[in-house]
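Two complexes follow with chain A in common, the first pairing it with chain B and the second with chain C.
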Partner chain A sequence: MMTPMFLWEQVLNGLIAGSMYALMATGLSLIWGTMRVLNFAHGEFFMLGAFFALTAFELLELPLAPAIAVALLGVFLAAVLVHRVTVAPLMRQRGWDFSTIAATLGVSIVLQDIALMTWGERFQSLPYFVEGIVHVAGVRLPAQRVLILLAVIIVVAGLVTLLRFTRFGMAIRAVASDPEAASACGINTPAIHAATFGIAAMLAALAGIILAPIIAINPWMGVPPILKAFVVVVLGGLGSLPGAVIGGYLLGIIEALGVAAFSSEWREAVALTVLIIVIWLRPQGLFGQRIREA
Partner chain B sequence: MLRLENVSVFYGAFQVLWDVSLDVPEGTTACVLGPNGAGKSTVLKAMAGLVPVRGRVLYRGQDISRLPAARRVGLGMSLILERRRLFTGMTARENLLLGGYLLPRVRRDERLREVVSLVPGVDALLGKRAGDLSGGQQQLIAIARGLMAEPSLLLLDEPFLGLSPKAVNEVEAIIMSLGRAGMTIVFNEQNVRKSLAMSDRAVLLEGGRLIAAGPSAEIGAGDIVQRVYFGTHVAQGGAA
Partner chain C sequence: MRLLPAWLRASPRLWSGVALLGLVPLITRDAYVLQVLSLAMIWAIFASSWNLAVGYAGLKTFGHQAFFGIGAYVSALSAMHGGLSPWVTMWFGAVAAAVVGALVCLPLLRIRSLPHLAIVTLAFAEIVRILCSNLVDLTRGELGLAGIPPFTPLSVPGLGLVSFGPADRASTFVLIWSCLAASLAFLGWLVRSRTGLIIQAIRDSQVAAESLGVSLTRYKLFTLTISAFLAGAVGAVYAHFVLVLTPTSALGIALMVQMTAITLVGGIGTLQGPLIGSLVLTVSAEGLRMAGDHRMLAFGVLIVLVVLFAPRGLARLDLLFGRPSQAAGAAR
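Our next item is the complex of A and B:
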């Protein structure tokens, strides 16, 4: 029986799942918007974030907050290294669009194998960051899930502030708009690309870390989120940050309502049907700009 | 001030500049002439570091051939690209602040005020979105953005392209006043008569090769320009 309260509960569940999609898609969208690269290794930074936090927490016995900080820093450095070694050299060549897709797919497999050799294939998890139940407008939710929702809202607000109001953020937007003109202004475009790649990877890592208490940490955990993130960036519009955030929440809510209306087996089918309808009606996505032929 | 020594440029397998050597003395205004495909824009990009070169680019005696474009801005070189190339989603003010990206914050704010007084009409445009401005207004902002870096050498790629006659006159007046103030300027432009009148020195290219260089009055007095533009001059070797 679909009561209003039941629907509201599903919407809240959808918002929580959508938070993760939004965080993943924001990173992908940032990379696409700044350097026109589709990063197929993005899901592996989600996975590395969880493993790095687990290692810092259990092996190095750091308290949770420093462990998370160390994990995020580690992923940032790993991503900058990946960018320097694979993406940047390819971008210096002509006609590099496909080669970066192939390269990041390769990086994805290499990172999965490194994780498998380092941490093994057994499923692990982090402890809950917060315990207890929170009441949100009449719905009982585990505090960990509410924390996910709040953390993502804070991170996205921080990212928007960084992009809109700081010198570094303006440089990122300039490089996204016209890399050659940005270079002519004195902006070190390759350094901005590397930093953006690192920041985007940190967003994915953060998603992996705050989900780690409620999902199993394993070398392949990044594969489902990257697929969802690609759906979101297409739904929201490639390269559009508002599109990635709103698209993420929309996908989460649509999935949750689809599960409520049909069953959990229909989760992906409902979401992808909506995606196909959006692409059919608006090929550039909800917030993307139509590409004009010259 | 700026010297190119045997500079060649390749776009992939295609060579577009062939052993170009030229000098731009300090305080002069130089124009780069040539028909479409002569390599005028490529010469400016080679100077600014936006294309890799073979040969040497010397700025105040320093070899900057391998220096990236961003570092050259720090040395005092500023390129205003063809078709303005503003960051169209940002305001004119944000575009100008990005032009002064390498300046310390306090100096950048001071420089913004200086540039606004140097380029008439910019003040009223600062709050507007760059993409909403007319071509002439965009060119004013592009010049102002280029000046934000406090350049000693200003490079302008087709500064009059697509502008109304009124806007052409405004932009011309600004370039001339910067030249009179002692700034070294290199520009390229399709209008030969205007270019020669605005400049002290001229460089003539054809098919990516240097055909002639010298004082504008001398270049204009001979028939070499007509021969190159009307296709009766025979360049040595082929070109892309």
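Our next item is the complex of A and C:
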């Protein structure tokens, strides 16, 4: 039944899913923009975030807010470690554009297996952060889903502020536009790379944490989100932050309408087909610069 | 020696190794050993097909598992429903994979950015996997396609009727070994031919190759089609060897990870690399299975270690295999 009300409900659901995609893609794009590395392990930071929060909440019995903070910090440190051990040394070698992809692919498998050994394959879940139902423009939505929408808007606004108006953010943008010139100006480029990698991973972890009450936490939960994030960065233009955000919401809505038209087991196929169409018609994406020579 | 073709003289160690491998059924008839080595040879052919695209042509794709799976499913389904012999249907599988490979290549021809290539090929392979697991009526989805016929018995002069069922591990071994030898001979000839040299020139610099009048479109399309054909053919052999297919086992990302590990460990951009990597990894994975099933963990760790510390792979450790191969620019 494609009534206007039904469609509007789908669009709202799409916006909520899309905000998660936007968060994932923003991190992926940030890493690409700053160090030209395609991070295949990004989905595993999404997964680690959820597991860390679960452990902090259930095992350490922390209240929800500190548990989330501990989980984000944990993922930040894990990501800095991954960067330090794999990406940073590879970037000093020849052929790093391919070797970093291969290495992060390896890291993603390793992290999945570590999670499997640590937490097992039992599907787990966090409790809802907020209870209740909210009415949004005539549609009844669980408060948790509205919270996701709001949290992502706040985080993205915070990230934009950080990048635009702080010295740290300016250093990131300087490194992104020319690492050598930035180093010459006294910016510690390796440290900026590590911090950017960590922050991007925290964005993925946050997406994992706020979705944890809705989806099952398991070692392989990071795979669908990273595929979506790949679609979004191509759709929005690799390295473009507005592209990642707008692309994320756009993909969320397209997917929701696609699922309404077909059925939910085709959700992933809809997203991936969007990707193929974008590559055919506009390979640089909506907001992308011309594509660089590989 | 002059009588031998150039590709055979070029890598004596590889060909002696392949020949030795072919003697294994004379030494042992142990079903388990032959089974493991047969699988290792299948992965070696599969990794070689990927190696042609990635190591020789520099087309960094991450979607070859789709060609393998298409070959496997097309051949299995046409043998089951069409009542044709797997000897015939395996070519259907290979051609189907090659056609799809050419189609996938079309949008990629305009893109030179490595991450885009990686993302699109991976996404394409996932679409194929999702199609396969959702079209339950045809493929039985994740329940698995069972009842695939093995290769039909062949009448061999001097040996009589040779069958290739699950009980005939030795004859199946010889069959798969022949596929391996044929694939490597073809690839060995190809990479030394004029076309092969042009393909490697494209890998080393697209701009330089283009400025010398090389049609990038034509050669990329050629390479990916050939590579997909080979992956599809070996996928079909796999289907009629294991006799059960699931989307995860024949099309999943794990397959891509395994193939990447095999190629990188063995040595990307070398003829012998995939075979060495496959034998080392498959045999050691069987050893690891005793210590719990953490095969994927081992593959992940190996990929990271190899790209960090031995980007040229085992094939180019001079101690083991003599002079370094000529394809020195492959890691680029």
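One rule holds for everything that comes next: the second predicted complex is superposed on the first by the 288 of 294 C-alpha atoms of A that agree within 3 Å, B and C clash if a C-alpha of one lies under 4 Å from a C-alpha of the other, contacts with A are read in each partner's own complex, and residues count from 1 in each chain.
Here is the rule we go by: contacts are C-beta pairs under 8 Å (C-beta built on N, C-alpha and C of every residue); 3 or more make two chains touch, one makes a residue touch a chain.
Computed from a predicted structure; not experimentally measured.
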Answer with clash or fit: chain B and chain C placed together on chain A by superposition. fit
Please indicate which partner A:Ala174 is in contact with in the superposed arrangement: first for chain B, second for chain C, both, or neither. first
Residues of chain A touched: more by chain B or chain C? C
Go through the superposed model and pick first if A:Asp113 touches only chain B, second if only chain C, both, or neither. second
According to the stated criteria, A:Arg94 is in contact with first (chain B), second (chain C), both, or neither; which is it? both
Touch check for A:Thr166: first (chain B), second (chain C), both, or neither? neither
What is the contact status of A:Ala269 with respect to chain B (first) and chain C (second): first, second, both, or neither? second
Which holds for A:Ala184: it touches chain B only (first), chain C only (second), both, or neither? first
Determine, under the contact definition given at the top, whether A:Trp32 touches first (chain B), second (chain C), both, or neither. second
Once both structures are overlaid, the C-alpha centre of chain A sees chain B and chain C separated by an angle, to the nearest 10 degrees, of 90
After fitting on chain A: smallest Cα gap, chain B-chain C, Å: 13
Which residues of chain A are in contact with chain B in one complex and with chain C in the other? 94
Mind listing the chain B positions that touch chain A in their complex? 11-12, 48-50, 68-70, 73-74, 78-81, 85-90, 94, 97-99, 101-102, 105, 145-146, 149
Residue positions on chain A within touch of chain C in the complex are 32, 38, 86, 89-90, 93-95, 97-99, 101-103, 105-110, 112-114, 117, 223, 227, 230-231, 233-234, 238, 265-266, 268-269, 272-273, 275-276, 279-280, 283, 291-294
For chain A, which residues count as touching chain B in their complex? 94, 167, 170-171, 173-174, 177-178, 180-190
Within the complex, chain A is touched by chain C residues 60, 107-108, 110-120, 122-124, 126-127, 130-131, 134, 206-207, 253, 257, 260-261, 264, 294, 296-297, 299-304, 307-308, 311, 331-332
